[in-house]
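In the two complexes that follow, subunit A is the common piece, with subunit B as its partner first and subunit C second.
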Partner chain A sequence: MTAYILRRMLYAIPILIGVNLITFALFFVVNSPDDMARMHLGEKRVTEEAILGWKREHGYDRPLLYNEEARGLASLTDTIFFEKSVKLFAFQFGPSDDGRDIGYDISQRMWPSLAIAIPVLLVGLAFNISYALFIVFFRATYVDIGSVVLLVAMMSISGLFYIIGGQFILSKLFHLAPISGYDQGLNAWKFLTLPVIVGVIGGIGSGTRWYRTLFLEEIAKDYVRTARAKGLSERLVLFRHVLGNALIPILTGVVVVLPLLFMGSLITESFFGIPGLGSYTIDAISNQDFAIVRSMVFLGAVLYILGLILTDISYTLVDPRVRLQ
Partner chain B sequence: MRLSNEIRIWVLGLSALLLAGCGESTWNDPYPASDAGSNIYYSSFDERPKHLDPARSYSSNEYAFLAQIYEPPLQYHFLLKPYRLVPLSAAEVPTPRYFDAMGNLLPDDAPASEIDRSDYLIRIRPGIRFQPHPAFAQTSDGRYRYHDLSAADLSGINRLADFSEVGARELTAEDFVYQIKRLAAPWLHSPIAGVMRQHIRGFAELADGLAQTARQGELERIETLRQASLAGVEVLDRYQFKISIEGKYPQFHYWLAMPFFAPMAWEADVFQAQPGMAERNILLDWYPVGTGPYMLSENNPNLRMVLERNPNFHGESYPSEGMPEDRTSGILADAGKPLPFIDRAVYSLEKEDIPRWTKFLQGFYDSSGISSDAFDQAIQMDAEGEPILTETMRERGIALLTSVEPSIFYLGFNMLDPVVGGDSQRSRLLRRAISIAVDYEEFISIFMNGRGLVAQSPIPPGIFGHREGEAGINPFVYEWRDGRPERRDLKEARVLMEQAGYPGGVDRDTGRSLAINYEAVATGPDDRARLAWIRKQFAKLGIDLVIRSTDYNRFQEKIRNGTGQVFMWGWNADYPDPENFLFLLYGPNGKVEHQGENASNYANAEFDRLFEAMKFMDDGPERQAMLDRMIEIARTDAPWIWGFHPKAFSLHHRWLHNAHPNQMANNSLKYRRLDPESRQEARRDWNQPVLWPLWAIAALVAALVLPVVWMVRRRERSTAL
Partner chain C sequence: MPLIPVVLWTDALVFILIALVAGFAAHAARHEHLRDPWRRVLRSRVGVATLVVLVAFGLVGLLDTLHVRLKQDPPSATGEVRYSPEVLSLLDLALSGLRERQEKTYSAPFATHLFVKESMNQPDGRVLRDYPRLEHGGAHLEDPARQRAWDIAWRSLLGLVKGLIAWSLLTAGILWLMARRQGRALSEVRDAILAGRTPIPWRTALGTLGVLLALGFVAGELAFKYHILGTDKVGEDVFFQTLKSIRTGLLIGTLTTLVMLPAAVLLGIAAGYFRGWVDDVIQYLYTTLNSIPGVLLIAAAILMLQVYMSNHADAFASLVERADLRLLFLCLILGVTSWTGLCRLLRGEALKLREIDYVQAAQALGVGHFTVIARHILPNVMHIVLITLALDFSGLVLAEAVLSYVNIGVDPTMNSWGNMINSARLELAREPVVWWSLAAAFLFMFTLVLAANLFADVVRDAFDPRLRGGGR
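Entry: the complex of A and B
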């Protein structure tokens, strides 16, 4: 397995270089270093000297990808692309274009994002799986039909509606929770209750329907019939056998998103005033802060690859037939 | 039996939890219970400030914090209009002394052409001290405690508050001079470096000299800056310094009221430039060090910013002088009392309107703006069309304050364009016709909920040169009827179009419909509605307006290169002087040729000549006459459709006192006073938790679960056949 993981990690290097190159190209197609300087220097009284000075100070006065004036390897290394990209591979994100340390900001902002994402994932997972098993227990009855109608309705409603509706009902109408805000440590719980409830409810429609499909597929298999023939109760059949065998697709969906949880959710964090990472990249794109954009895209790519590797590893844990070579 | 016991325990627990909510506390209070009843001001911000270094900051959202912390030599009087400068850290408002090229002192009324330099002698008030800060902490032998920190010293330090010792020292003239030198430092990219180059003697030479230090380390270049001399700025003694300005520049007074000229302690600069500080975001750009009434105790711009009362504040009194109406409004009730009144100010980041507005209505913010969505809930128009509060707002004791902002949003014509620009009578008539057709009253009504005032000239109300009433209207667009301005009939615009050679919007020379390009930055659905509206305005004259929507970078590029035809642009005053608006039409300030702020590239020889004379004049009848003539020229040429001056609407709860709309004074927090007990009472009344839904949900869950349990059991017991 170690060899497999090492190989996967080596495969990741060209992928990350490619992601970095595409991010670089896309960013600079839209924003030139001069545009970035203007954005950072403000809109009033910006002079050409100030723009040149800003670019020099932030290392954007070099050619983008190829330095014709340099010789040998320097023609590739003395460029914005190389200078801004190479340190990423050592996870040195450096300062953002407005001077704040990106690594520090990420380390501060990932916790509030996790504080919402983990409870939403766990509670949502538990609820959705239980509800899906319940529906499967009553498959082909009015409970099943009614639930599917309800789930389709729930997944058809925009996530924003749940947020605004939740804020209106629980905070504005009934005064049961703060409408937005955040606090450190254990004091965060009262701010997390509302977004977690909204997050779980918002995910019920699609989540439960997905798990119901998985369980229905499993329940038609021979081993289920055998278990029933041996006299096991339907509850045991569902929870012990069907759930266990449906874990592979569940894990595929869950483990791959685990590392990305700390990247946060833009809309949820924005509406609930959670100081997470959700808006970090979007704000950076609006502010033309390439340092943050490249760091976050790189980090996102690394985490996604990590998620896929973890998924593969988890297969070996739930299915003895799977061997990583 | 066991099950029923468990249920009983759960019910008891839930009941206890719910009953806890029936007490004094509110469940939706976003602040710690320990802060209830404290003298804390609560507000919000929607965009994190980019810079808090006074040499770099140039945005109103940054000034909201910075102006409470830093104290430049001058400030605007809180109540008096027109805006008046009064001393802040200076002992008095300096009077410039003029000298000719030979160094001879000239009289105050000497012509500007004879003045070679103006000296501003600034005397600061003794006894002012900086806020407590680790940068000033010293050891017993007089060395700075935290000026030579190693990596080991910084382990365990993540915030400024993690430094155990703080110190302070008295403000001296040296600190002002150091800050002026910082404006020239190329690594700080001060936005006003370009302006000051033209005015402060020796500034350009210093800036060019410092450019050579690009390869130095941070601490090294700070030392270079400290040692560098700036020819036009001189420390005379501990409490006095002198600034020499090239020629005459009366507007320089106003710059002295902006944070750019606030004093900076070199110790703070050195402290925060040490290796390891940037990695912890302990930067001067994020942790201001000032002498003002407040200091920034928490800077988490992604969550909240907290200002605390500065224990070293030198003291200041609430103004005793105001406008005649202030005598009765109660705004002078605190006259002579020591400032500031509020102990702490907590600003929370609220990116969305809904939570911000809800929190204001729940009493968790003391004041609020009004978003478009909430406008109808808060404001209604009275019989005269004046905005008043709705019944709901009045019942809560909320007060509405309105004021016209010293800003202008206009529709500019690119004067370099062969069709809409130029000095020909044809293009002039075309611009005047369009000026009549574009109905800004409608724009303000539809898109701004009436929060704007149609502009008759570039100068907003409250700024010298602005004229009210009939004398102030733009006669090319308005007529004075029944005591108010009325937009000229569209027929007149059509006649102008015909005279210009575009009858019915068709070019007489080519026989083709006139098409004009409108440069726009459009991102959302609101923009689409605006663009549809603007197309409709041009269509009234048969003009086909081609919307060229693009991103902000490309839009700016078009304006810089002069490739656009018509565009919308705006300007917010730096200072309340007509020069700060009319320079937007000054030829040598043209965007394309001179990279200035004259985005329409307008140039008129007479206007430029009058501008050069007007900018040196003191306010008075002669200056007013000159301004009248300049405005008349600009109205005749119509390089802009004058657009509108936005109106600021703000709401304040009954427990917040001394909220007064002063659009130039950013340091108004120190004047505000709270009644925390009244606020606490209102919060309790308005936010009692409504618990029956929880009981209803519990009952519903029970009603669903019990049959389900029964059904599951029944199903399990049933036989297959």
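Entry: the complex of A and C
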């Protein structure tokens, strides 16, 4: 087991190097640091000194890949590539373009993100699975057909409208929850209710449809027919046999998104004014803070790969047919 | 000539896409095994109904894709013909009434007065603060309070009648063609359709067409006297905006797949067919690209494009061209983030196919790799490609709205549902609420995406051999 996990981790290294190279190319080769400086300082009538000053302030005044002036190993380390890209591997994100420590900000902002993402995941999972089981129980009746139409319609509504509609109906018309904002500690719950409800409702369409397909696939299998043949009630068949076996793909589907929960939801957080990593990224994008966007790209990739590794491991844990080798 | 055609980059790609689709259709029409799944699509009621809706959207988008520049009069002093720098589409020209009739600011749907109060100088010198009349919306009415309801009802009825006439003419034409081809009497064909006894559910198709035509004509009749979906902050007609947004939505949904398709198909099949180091390299490539969160990759790429554009502002002849290039670039980068899924599917299928007897036999007989792929593998994975394209379309249309909200979508000057939502969402806090921009974007987007989703399901059911086998 340990050897397997270790090998999966080693596979991740070349991928992370690739991600790192892509971001480096995107942020420093496509546009030179001079272009970025000009953009930040206001596009026209920028003096050379101002550009140099901006670059020095943010550490972009080094050569890209190879420093001819430095000696020894420093000729490789005293470069933009090493300072801004290689150091990401050690999770040293450095300062953002307006001078704050990115690492500290991330460690502060991941908690509000999780406070939304985890309830949305758990409540959504419970609701979608129950609803899907309900549909499957009444399969090929009007309940089934009507539900599927409803689910497709819900899938066809942009997530933005769920948020706008939720804010409008629950907060503005009925004053049940604050429109946006956040509070420290336990007081946060009243700010979190609305985003969580909206997040769950927004996910019903695709989620329930997916689980319904899973259950229907499972129900067509031979062991289900055997269970029915030996006289089990439909309820027992569904809950004990079908649900149990369908949990394997459900579980692995959940595990792959677990690490990415840290990243938060871009749109939800910025609409509801929640100081999580999602709104952090959005703010960085609109302020054109390249340092933050670069860090988040790398962090996202790390978490995604972590998710893949966890999925593989969870497969071997829950599905006895899959063997480690 | 009073106008010269202009072909923007995205227009050219649309024309290529249409040519490809037409070529494929012509090819499929001659081969029974390719026609069969399409026949299944056309025999499903949901399939034809959604197809009619999608074609209607497509026609609006196509009209908006044919761009021209109008001749300017008077000609310059030297007598040479000059063309206006403004690039217009045929849709703009057809709806020039809507495009040009701007108000000062917000006005509600069917309103005759502005949404905000203004100070007006009375003839007797006093200043009155009230809602001023709109310059265009309902301007033909003398006493709006009394006449408006009747006027709207009368015009709707007029539009409905016109729509029904157009529909009857179209239907009669189709019936006549069918009767001639089948060599049956007209009444016989009509009865078969009315009873729903035709293999293709013409009743559903013509019914959908009738509803669309009626709605279209009523909207058209009203739109030239009122702002049927209100006006936005700068007084532009919202109905016009949302019609213009159709092209943006369709382009994002189709061009993205067009640009990603060659890479996904080629690499996916190559990985599965050749295995070994080719497989390793391609798998590494798509895992790496896939592991960067899509939104962030798009954000990074668009930010870089913005830096480039602001530093090379002279490289773009006009705002339209600049917005167009940004749209194209967005399609490209969306393609880069979304081709990996299809690539992985194709790889898996190619892995299976290469072990099948006829492929093994072809290899044993010394057929080259290229021929094997082109003749034996590619035709057998086309259904996966088609299903994926159909399923991806609606997701891409929805993605556009989200990306525009984050300001990394299409150019802010371009009409798109995302931009409409983005500029309207803050107005919800107003009292009374400015809801119509959101409602318009919602209505059109929902219709398009719902039709696309339903159609994609029908296509999947018709093309997927596993689902097809179970139905028999």
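The working rule: the second predicted complex is superposed on the first by the 289 of 325 C-alpha atoms of A that agree within 3 Å, B and C clash if a C-alpha of one lies under 4 Å from a C-alpha of the other, contacts with A are read in each partner's own complex, and residues count from 1 in each chain.
By definition in this document, a residue touches a chain if its C-beta (ideal position, glycine included) is under 8 Å from a C-beta of that chain, and two chains touch if they have at least 3 such contacts.
Predicted model, so just to flag it, every value in this text is computed and none were measured.
Applying the stated contact rule after C-alpha superposition, one finds that A:Ile164 touches each of subunit B and subunit C.
Of the two partner chains placed by the overlay, only subunit B lies in contact with A:Leu176; subunit C stays clear of it.
Legend: residue contacts after superposition of the two complexes on their common chain; A:Trp54 is shown touching subunit B, with no touch to subunit C. If you count the residues of subunit A touched by subunit B and by subunit C, you find the higher number for B.
By the touch criterion defined above, A:Ile282 lies against subunit C but remains apart from subunit B after alignment on the C-alpha atoms of chain A.
In the superposition on chain A, no contact is made by A:Asp222 with either subunit B or subunit C.
In the superposition on chain A, the residues of subunit A touched by subunit B in one structure and by subunit C in the other are 30-31, 35, 38, 164, 167, 172, 270, 288.
The touching residues of subunit A, when paired with subunit C in their complex, are 14-15, 18-19, 22-23, 26-27, 30-31, 35-36, 38-39, 43, 152-153, 155-161, 164, 167-168, 172, 260, 263, 266-267, 270, 281-282, 285-286, 288, 290, 293-294, 296-297, 300-301, 304-305, 308.
By the touch rule above, subunit C contacts subunit A in their complex via residues 284, 287-293, 295-297, 299-301, 303-304, 306-308, 310-311, 313, 394, 398, 401-402, 405-408, 417, 421, 425, 428, 433, 438, 442, 445-446, 449-450, 453-454, 457.
Residues of subunit B touching subunit A in their complex: 26-30, 32, 50-51, 58-59, 186-187, 189, 191-195, 211, 214, 278-281, 283, 285-286, 300, 302-303, 348-352, 354-355, 358-359, 362, 551, 553, 556-557, 574, 595, 597, 687-691, 693-694, 708, 711-712, 715-716.
The touching residues of subunit A, counted against subunit B in their complex, run 30-32, 35, 38, 40-42, 44-50, 53-54, 56-57, 95, 98-101, 103-105, 108-109, 134, 137-138, 143, 164, 167, 169, 171-183, 187, 190-191, 233-235, 270-273, 275, 279, 287-288.
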